[in-house]
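Each of the next two complexes has chain A plus one other chain: chain B in the first, chain C in the second.
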Partner chain A sequence: MSILHTVNKSTYERDTLEACVRLAAKGGSVLLIEDGVYSAMSGGNKSSVIENAKDLSFYVLGPDIKARGLGEDRLIDGIKVVDYKGFVELTVSNDSVTAWL
Partner chain B sequence: MKFSIQVSEGPYNHESSVTAINFVKAAVEAGHDIFRVFFYHDGVNNGTNYATPPQDDMNIQKTWSELAAAHDIDLVVCVAAAQRRGIVDEGEMTRNKKDGMNIMDGFRISGLGQLIEAGIESDRLVVFGD
Partner chain C sequence: MSDAKKFMYINRKAPYGTIYAWESLEVVLIGAAFDQEVSLAFVDDGVYQLMKGQDTTEVGIKNFSPTYAALGDYDVNKIYIEKESLEARGLTLDDLQHLVWEDEDEDWAEKDSIRVVTSAELAEIFEQQDITLSF
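Coming up: the complex of A and B.
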């Protein structure tokens, strides 16, 4: 049973990413969308949350990075960039989807 | 695969309505079926036809309506949330003695049971909100 977790707010605004990472089961996937993409940048206030979560796979929505003028070169190592097609594929490859709102 | 979508945030608020639209488009392009989109809380404001955004801006409500027509998608607005926010169809207009109605083409007003059914009938329920 694998779960895709979506997080749509940054760690500067909410603690949903921290709650998600704390509670997600091993092998789960986390997709950062909307303002959540700020948390994918290295050197952020809570970068260690992602850097230390070795049991989870992290993805970020490319169009939302671009919309904010952020560079993919600044992403935390290991985060994969997906487009909307990739977003849909993640919802298919996992058994269910949970939005951390 | 059969998808249903829940939208809990109003249009032109943050971004979730547009994210949901982009997701629906990508899912349809990949050959998936969208069984239902359920609009809950402020999300019901996606279903008004009284909005007039600037012409060079995205018309979110109209985009939903066009998507529904093109791909036969059931757009359902939560009745209790709609009554609080003034989203009115013919039945609500009559029942609550309103002067007019503002439900967008392709949307219908119904109850929370429709969300539960969507969750049961669909392979995936994807939630977008605030």
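Coming up: the complex of A and C.
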């Protein structure tokens, strides 16, 4: 069983990502979309939420980081950028999707 | 102009994920057209509204970030950014748009609109307002 988790809220405004990381099983995938992409930036005081979650794979939706003026060079190490096609592929390659709000 | 009120708009939301940022900008422009004394504060995720280089072509939403550069033309030139909010997000003033206005009393000299202030300073500024609207 593998789950794709999507998170669409900024970790600086809501605790959605923290809940997702706490409740996602080892080996799961987390895709940050919409305002969730702010959580993928390095150098902030909440960057550790992702940096400490070593058992999960993190992805970020490219069009959403571009929309918000965030450079790929500022992402936390290890986060992969995907486009809409990549989003679909992640959906297909996992058994189910959990959308955290 | 003696009856002009001091309006403060507090912006706390990131752009695009919700409509708050765009709605605030619309209300600010309307207020400015009525010759009120307008100030803006960007705190918490609101600081993301002013990020440079926003490009929304792939998400199909209007990029309203260029509109902030027009605020100076509406005499909206008191734009406060909370220092603590920037720092918490690993941002500096260089990550934000450079917003300016032209001072009519000094031969249209170009001046910075943005002032980075501490929480304590911002609290003092809020105390001086007649009307505060939060988005």
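Just so it is clear, the second predicted complex is superposed on the first by the 101 of 101 C-alpha atoms of A that agree within 3 Å, B and C clash if a C-alpha of one lies under 4 Å from a C-alpha of the other, contacts with A are read in each partner's own complex, and residues count from 1 in each chain.
Here, contacts are C-beta pairs under 8 Å (C-beta built on N, C-alpha and C of every residue); 3 or more make two chains touch, one makes a residue touch a chain.
As the structure is a prediction and not an experimental result, all values here were calculated from the model.
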Chain B versus chain C as contact partner of A:8, first or second or both or neither: both
Which superposed partner A:99 touches (first chain B, second chain C, both, neither): first
Touching partner for A:85 - first (chain B), second (chain C), both, neither: first
Partner chain(s) touched by A:34 [first = chain B, second = chain C, both, neither]: both
Which superposed partner A:47 touches (first chain B, second chain C, both, neither): second
Residue contacts on chain A - larger count, chain B or chain C: C
Set of chain A residues, in rising order, touched by both chain B and chain C: 8, 34-35, 63-64
Residues of chain C defined as touching chain A within the complex: 13-18, 44-45, 48, 51-59, 61, 63, 65, 87-91, 95
Contacting residues of chain B [partner chain A, same complex]: 1, 3, 8, 14-16, 19, 22-23, 25-27, 29-30, 32, 124-130
Residue numbers on chain A that touch chain B, as the complex places them: 6, 8, 33-35, 63-64, 83-85, 87-89, 91-92, 96-99, 101
Chain C contact footprint on chain A (complex, rising order): 8-10, 12-13, 34-35, 38, 41-47, 62-64, 66-71, 74
